[in-house]
Amino acid sequence: MRGKFLKVAVAATATAMLATACGGGGDDNESSGQTGGTLRVYASEPAFLTPSGGDDEPSLYVIRQLFRGLVKYNAESSAVEMDLAESVESEDQKLWTIKLKSGYTFDNGEAVNADAFIRSWNFAAYGPNAQNNGYFMKRIVGKDDVAPADPDGEGPQKAPEPATKELSGLKKVDDLTFTVELDAPFSGFPTTIGYPGFFPMAQACVDDIAKCNETPIGNGPYKIDGSWQHNVAINVVRSDTWKGEAGKPDRIEYRIFADVDAGYAAFQAGELDVMYTLPPARYKEAKATYGDRMYEQPGDSFTYVGMPIYNKAFEDKRIRQALSLSIDRQSIIDAVFDGRFTPATGYVAPTFEGAREGVCKYCAKDVEKAKQLLAEAGGWPAGEKLILWANAGAGHDQWLQAVGDQIKEALGIDYELKVNLQFAEYLETADQKKFTGGFRLGWGPDYPFMETYLYPLYGTGAGSNNSGYTNAEFDALMKEGDSADSIQAAIPSYQKAEDILGEDLPVIPMWWSKVAAVYGENVDQFVWNSVSDADYGATSLKQN
Amino acid sequence: MSDVVLETRDLVKHFPLTKGIVFKKQYGAVQAVDGVNLQLRRGETLGIVGESGCGKSTLARMLVGLETPTSGDLFVQGKNMSKVSAEERRRGRRNIQLVMQDPYTSLNPRMTVGDIIGEPFEVHPDVVPKSGRRGKVQELLELVGLNPEHINRYPHQFSGGQRQRIGIARALALNPEIILCDEPVSALDVSIQAQVINLLEKLQKELGLSYVFIAHDLSVVRHIADRVAVMYLGKIIEIGTEDDIYDKPTHPYTQALLSAVPVPDPKLRGLRDQIVLTGDVPSPANPPSGCRFRTRCWKAQDICAEQEPLLQIRDKSGHPSACHFAEVRDVVHAAE
Amino acid sequence: MGRYVIRRLLQFIPTVLGTMFLLHYMTALAIQFSGNPVRALFGDRTPPPALLQAITERLGYGDPCLDQRGNPCFGLFADRLQNIFFHFDFGINLRQREVTDLVADAIPFTLKLLVIAILFEAVVGIAAGVLAGLRGGSFADYLVKISTVFVISVPIFVLGVVVREFVGVKFGNVLRGQDWIPDVISSGMFSPVFKPDYPMASLIIPGMVLGATSLAVTARLTRTSIMENIRADYVRTARAKGLTNKRVIGVHTLRNSLIPVITFLGVDIGAAMAGAVVTETIFNVPGIGRLVTMSARTGESSVVVGVVTMLVLVVLVANLLVDLLYAVLDPRIRYE
Amino acid sequence: MSTDVNVKLEALAGVDPNALPLQVKDLHVEFRTRNGIAHAVNGVSFDLRAGETRAILGESGCGKSVTAQAIMGILDSPPGFITGGEILYRGVDLLKLPESERRKVRANRIAMIFQDALSALNPVFTVGFQLAELFRKHRGMSRKDAKVRAVELLDLVKIPAASQRVNDYPHQFSGGMRQRVMIAMALALDPEVLIADEPTTALDVTVQAQIMALLAELQRERNMGLVLITHDMGVVADVADRISVMYAGRVIEEAGVNDIYATPAHPYTKGLLESIPRLDLKGHELSAIKGLPPALTNIPPGCAFNPRCRYAQDVCRKDPAPPLYQVSPNRTAACHFWKEVKGDE
Amino acid sequence: MSDLTSAGTAVGGAPVGGDGPSTEATTGGEGRSASLWADARRQLLRDPIFVIAFIYVLVVGSMAAFPKLWTSQDPRSCNTDRSRISPSGEHPFGFDILGCDYYAHAIYGARPSMVIAVMATSGIVLFGGTLGLLAGYYGGWVDTIISRVMDIFFSLPFLLGAIVFLTVIKRQNIWTITGVLFLLAWPTIARIIRGSVISSKDLDYVQAAKAVGARNSRLMFRHILPNAIAPMLVYATIVLGSFVAAEATLTFLGVGLQPPAQSWGIMISTHQVYFLEDPWLLLFPCGLLVGTVLSFILMGDALRDALDPKFR
């Protein structure tokens, strides 16, 4: 977890269970692996084990086995498939009607019905509950009433008491039907609701959220064994109340590590069956040792060097292009990360539907062209140093230093690193647009839909638009995509919008993550979901 | 100008004993020195004897200003030291200098002999001008019988006797009239002890010094002192000329003390009048009522517990003695 | 003795309050100067202000004085004290768990680790020190001297990582390949990281790493202490009493020599707790040290202050116990 | 107690009950230090009869304490080494005994009292423990019995309220009482020889008198041989039967107590006597011995005293050192000019 | 045991001189005067361990002060193409992961480590020494206040305190690390000085100076301090070493210096993960660090032996 403070990963459920949604157990399906055994997996300490609270990677790994939501994603294609929902439909992409399958219950016997979802979403959105996933309810009508903002907007002060506890955009139609009204059309809505923040919660859970956090009341294929042993382990066992396809192992043990190196040592000593990540420096060694038991796949988390367009020196796009052209991404990846990343040539993860190679024409090293562009733009102010920002203590300084070295070599611009801000302060600097040079930041998708990489980062006034980039044409294309009839229909508009970014370079794309997981000799079949990472429920162990 | 150079009147030093955790309450005091009257005349040597814990060291520390008396007055050349300005007190103190007991610890090991002996000049810069100091130090070294060329040596390069000479030279630096010798020879070997005693006597003759000579070794005190005061538990119990005290002791404690001193003459073995005291000295925090010696005294009567005997001349004594039953008894010379 | 305990307990109050205020002020300054730690929770995406506010409020970072740079926030401190002393409430972390729960979860592991470390350093350190001290100048002495200095100078995290990789992984894997070795050894004791299945065995090696530095200090201290005491008069007396060498060393020398060593071990509890920060991270022990490290990294001031306050209390109590132990071991120390 | 003695005598092989309790013959001890070899003892000889008091007189650094430690076998080694000579206990050479046998001699047959009782007693054990230890380890008594004997011993040395004080720690006693405890400890196993190393130097005169009286009484009762090591001429005159005067590691004069004081035959002895002030004689001139004793690493050739000696001639400044001349049947002196010294009044 | 100890004194002490006015002193053939310090210096220079340690520290010190003496390479000239190339004749330490010359990095890395250690140590010596002197000399309420403040900093275990302070300060540079080390370590020095001042303020020679009429300042600085300073000096030497190690440990814990600063701590903590593949990346900086710490500790030990009268 050193490199990444938080990862808000995409919601996911086990792909292997798609085929037989109503079938019982996996014994009729030879090819999908053997059932039984205890799977011991690497984990970090989760933040929360409730759908409304858990938004970090370690939490999601556990929540996905304990809970299930309306939709799930295909392991290979990332396509949305119905899980607990019968259908998710809308005429205008604004008012969505959701029908549920019947017969599902929580571990405590409560039914998983329309109330369970409305209850969960309301609970998350209600300000005083301070649930991290309240963030994801932001498109639903009425969210300002349940979580009103500080009127003066100045720093942390007492927020006004919310007028109501319920989102006005959520309406129950019948036991298994409810409607969701968004404040603007959004064709990608069905892709978002597979995220655990949209999973249902039992009444008993909402009544005593603290207890539920320790001993979650789930509705998924696994249920907790005992309760959460903080910083030590979380054990889950197969749940009898789950009606869907059962998980492969009888039991999953999440061993919690504070340090990925320690976890790798444990894996080497045979104490873990699956490790979904590797210490960066051990990648080569692991590949040599566990070559046939290493799983690699392109990932979806994006690292970039933001450009403060609000700063005069970076206003001219030719400057940004020149900087980008001086960087040899692959060389840095090889040196610092042992080749664990994929150089970025676009703004949308290569695994996403609609993603294309080479959208960015300035993302391959070309010193001549860089020099030329810089000259055309009037050159870099003499004596000024290029400042490169990163947050402290997260190991970003090394590659940023390499970036600086390469720019210095290519363009003769000396650089200076500013890496002493802790993350909170760094983010506040970003929010207040006070960077004086390139700044490293990252982005992970909220849902498997192109839009997640585009609007939040580059839309005019969007929450995470830290560059201060604004382009009317881009905004219009985004709107066009949002109100398209279907997910597929939206893609061409988004692609056009991405092309604009490829020319303007509001941020310099660096690379995409690459998944590298290792598993033990006793693992029969290791399953990785392209959206939501390792799927432990679908991973099977060799049975003798 | 009076002949008396140093005088104490009812000098008292009590060290408070406190209890209490936050707020300290005094519940008693160690009566280290309890009403001492002494006079030292010009050119004379006053010996003070007593056993450990009798208060003689505390008395010495008060005389040279290292302790402030709890009550009582100290006169140096007629000036009451507790009533004069701080500056005058400092000036007055110059007239009393100290020679300490242990020559191994009383010299700063990190200073040269020259620095040690010259330190008084730096503290009192008006005594000798800066340029003359080195010469003066060398003079002093010569005076106490050391080689003046050794001015740059360090104390550990000298033997015990030589170090004591350095201590004496330091005490002489400010041309004092009074030297207070606190057990100056007790840490030295016999053969060296005689050298130092001879030196002290020589200096007294040459410089006209007055000595207060504190010691537990009664033989040494007899040798050097003109008058002798005997202390017991913070009080002087007998005072007189050397002959008075040694040949005609009247206080039982003095008698016991003298009789306990072995005489280096085997012929006198078994012939001397020996008094062996029993028990230990009582605690000065809680001294016996009346006469402080009564608990160990073979002559004690009821009156001794009720009434404190004053230090005065009595019928059979001939010199001041603080015993109701003071009576001469020669314990030093063998009974014939 | 009882009075001494009370006085020490009273001295606790300013120390504890002072330490707590120090920590409180540091964290207040941190928020004032470096921003709201809640913001970091959301990472790259900017949270809706309402949500940010709600969470901030919930975690007690909403006090307006936290906006004023340099304000010591006495009000907040008073609230904090009140919560701690009247409700035993040390606040909650960013994940809304009670700090007391966090500590309650973590402390058993740290305690076990500490016990192993202290036992290890006491037994091995004292044995090595005695061996070296008794044979000053021998080969064993030089071996102990050099190896201890070497251990002290290797940073503990290098030592820890090397031990984990070579002993836990490499050597452990060899052991795990042998069927005849019981599991508790091969996959318990030689596990590279803490293992819930073998909660005691898998802490042995981390405990030894934790104790290593102090072990070296203990050995050096014991050595010096033995060397000093072996020349003491009372050891000579013991030999003159015709006691066996074993008894002279084992009873008369060791008892005295170990007083400073035991004092050091007691004081070392605090240092070992701090050392656990490194060891627990490397060996993945879910103890206090790891808790503090993780909380410090995420800027959870309430946790850091809470945990460190509790640790300081533990250290202070340990120091008090050491002082009392000292009084028990060394009857010369009479408090009052 | 007499049974104890018999038990002990049987335990040591080769003991001749008729031989002297202690004989020291030509003892040599040196200290090997960083700054060279210090010849602390260079051929000391003396013997001790039962019931006799032998004083070893000398100034600090003359080797008298080292001699005592060598006899007890408690020299710190290194740096101290016995390089020659014999120490005979009733005819048995202690230096040739194995350590386990040698140990049985200590406290049982030869015991020792040290100068500074405060540092010589272990501060962390009660005096009762330290006394009882002797009975437990040497006599195999139970803790309880040993404790009873400890109280008896404290009574013997006249410590008031012995049964309570037995549980006190050394620092709770006054100086005189501590020295009594030391004596009790030395006498516990009823030794035949007691070595007292400056037993009263740290004490006040009145206490010194008490202690010396006690020692004398106990010595008489038990017919014990006493080696009294001291620099105090007064104490020696009071209690000693025979005296060995030491200078720079050698015995330079050996005689009965009266002879020494009346007619010293060595200039050093003579100088010592002349340099002490006397209580009973008023104001005689003290004649000091000039100079200092030599460093033991650098003893002058010939007679060690020659640089300070007013009788010294060329012969004194050359090796060998003067032998012990027989002055009279019971008397020796290591001076070439003993006749002159003795006759010179 | 007067006899034995004085035998020792007679052996150790040089003087055999006359005690009378007439006698000429001859100090064992050596005419030169020698203070305790001079004695100590002579003894130290005879001690091979001290000499070797001292030379090592000098070498490291010169790296810190004049890195250009040791290397002409620019440690900031890096190229990721040369990442982690093994040592060769031209580049004795090879290249680090960013392709910078590792030898130059190591030379330039000496400075922060040494500067932090030296500054923090001087700080605690000056500040802690002063407070300790005041507390010990004046006693009473001065002592009470200083002692309580000392207790407060004492009760924070060193590493834990450093982590807390550095994480909340959030500025991790040479100054803040020095400050934190100083803040947490001064009470130890103060306590040492206080103890030795208390034990030396009643020494005879201090009393003697007082009897002559010397004032407080003179007593403190001329008599008490010089004699109380030896244990502090020994401790300070050892503390120099432990500060060098502390910098590395804090860096490992993520609260120490941050790249692109160069220090041994950064070198070790960045490259420790590679130690199975390219062990030299860990071994070189670690060797330098351990050597430095070792040297300081050994120097401290030798110094103690030389200054402690017990060992004379």
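Here the chain labels run A, B, C, D and E in written order, and each chain numbers its own residues starting at 1.
As a working rule, a residue touches a chain if its C-beta (ideal position, glycine included) is under 8 Å from a C-beta of that chain, and two chains touch if they have at least 3 such contacts.
For reference, the UniProt names are A = Peptide/nickel transport system substrate-binding protein; B, D = Oligopeptide transport system ATP-binding protein.
Because the structure is a prediction, the values reported are computed rather than measured.
A.B. asks: Count the C-beta pairs in contact for every pair of chains, then give the pair with the highest total.
C.D. replies: A-C
A.B. asks: Report back the single chain whose CA centre is most distant from the CA centre of chain B.
C.D. replies: Relative to chain B, the chain whose C-alpha centre sits farthest away is A.
A.B. asks: Chain A to chain D: how many Å between their CA centres?
C.D. replies: So the centroids are 91 Å from each other.
A.B. asks: Taking each chain's centre as the mean of its CA atoms, how far is chain D from chain E in angstrom?
C.D. replies: Roughly 49 Å, centre to centre.
A.B. asks: How many angstrom lie between the CA centroids of chain C and chain D, rounded to a whole number?
C.D. replies: The mean C-alpha positions of chain C and chain D differ by 54 Å.
A.B. asks: Could you tell me the distance, in whole angstrom, between the mean C-alpha positions of chain C and chain E?
C.D. replies: 24
A.B. asks: Return the residues of chain C touching two or more other chains; collapse runs of consecutive numbers into ranges.
C.D. replies: Within chain C, the residues that touch at least two other chains are 34, 161, 165, 233, 236, 281, 293, 297, 299.
A.B. asks: Multi-chain contacts in chain B: which residues touch at least two other chains?
C.D. replies: Expected reply: 159, 161, 192, 195.
A.B. asks: Which residues belonging to chain D are in contact with no fewer than two other chains?
C.D. replies: 60, 69, 76, 114, 116, 290, 292-293
A.B. asks: Please give the residue numbers of chain B that touch chain E in the complex, ascending.
C.D. replies: 61, 64-66, 90, 93-94, 97-98, 100-102, 105-112, 119-120, 122-124, 142, 145-147, 150, 152-154, 156-159, 161-162, 167, 170, 173-174, 192, 195
A.B. asks: If you look only at chain A, which of its residues touch chain E in the complex?
C.D. replies: Answer in residue numbers: 261, 279-282, 284-285, 328, 331-332, 334-336, 392-393, 397-398, 401-402, 405-406, 409, 417, 419-422, 425.
A.B. asks: Across the complex, what residues on chain A touch chain C?
C.D. replies: 5-8, 45, 47-48, 127-130, 132, 134-135, 138, 143-144, 147-150, 153, 155-159, 210, 229-233, 255-259, 261-263, 265-266, 268-271, 393, 421-425, 427-428, 431, 441-444, 456, 463-464
A.B. asks: Mind listing the chain C positions that touch chain A in their complex?
C.D. replies: Of all residues in chain C, those touching chain A are 34-58, 61-62, 64, 66-67, 94-97, 101-102, 105-106, 161, 164-165, 168-169, 172-173, 176, 187, 191-193, 195-196, 280-284, 286, 290-291, 293-294, 297, 299.
A.B. asks: Chain C touches which residues of chain D in the complex?
C.D. replies: Within the complex, chain D touches chain C at residues 69, 72-74, 76, 99, 103-108, 111-112, 114, 116, 119-125, 133-134, 137-138, 169, 171, 185.
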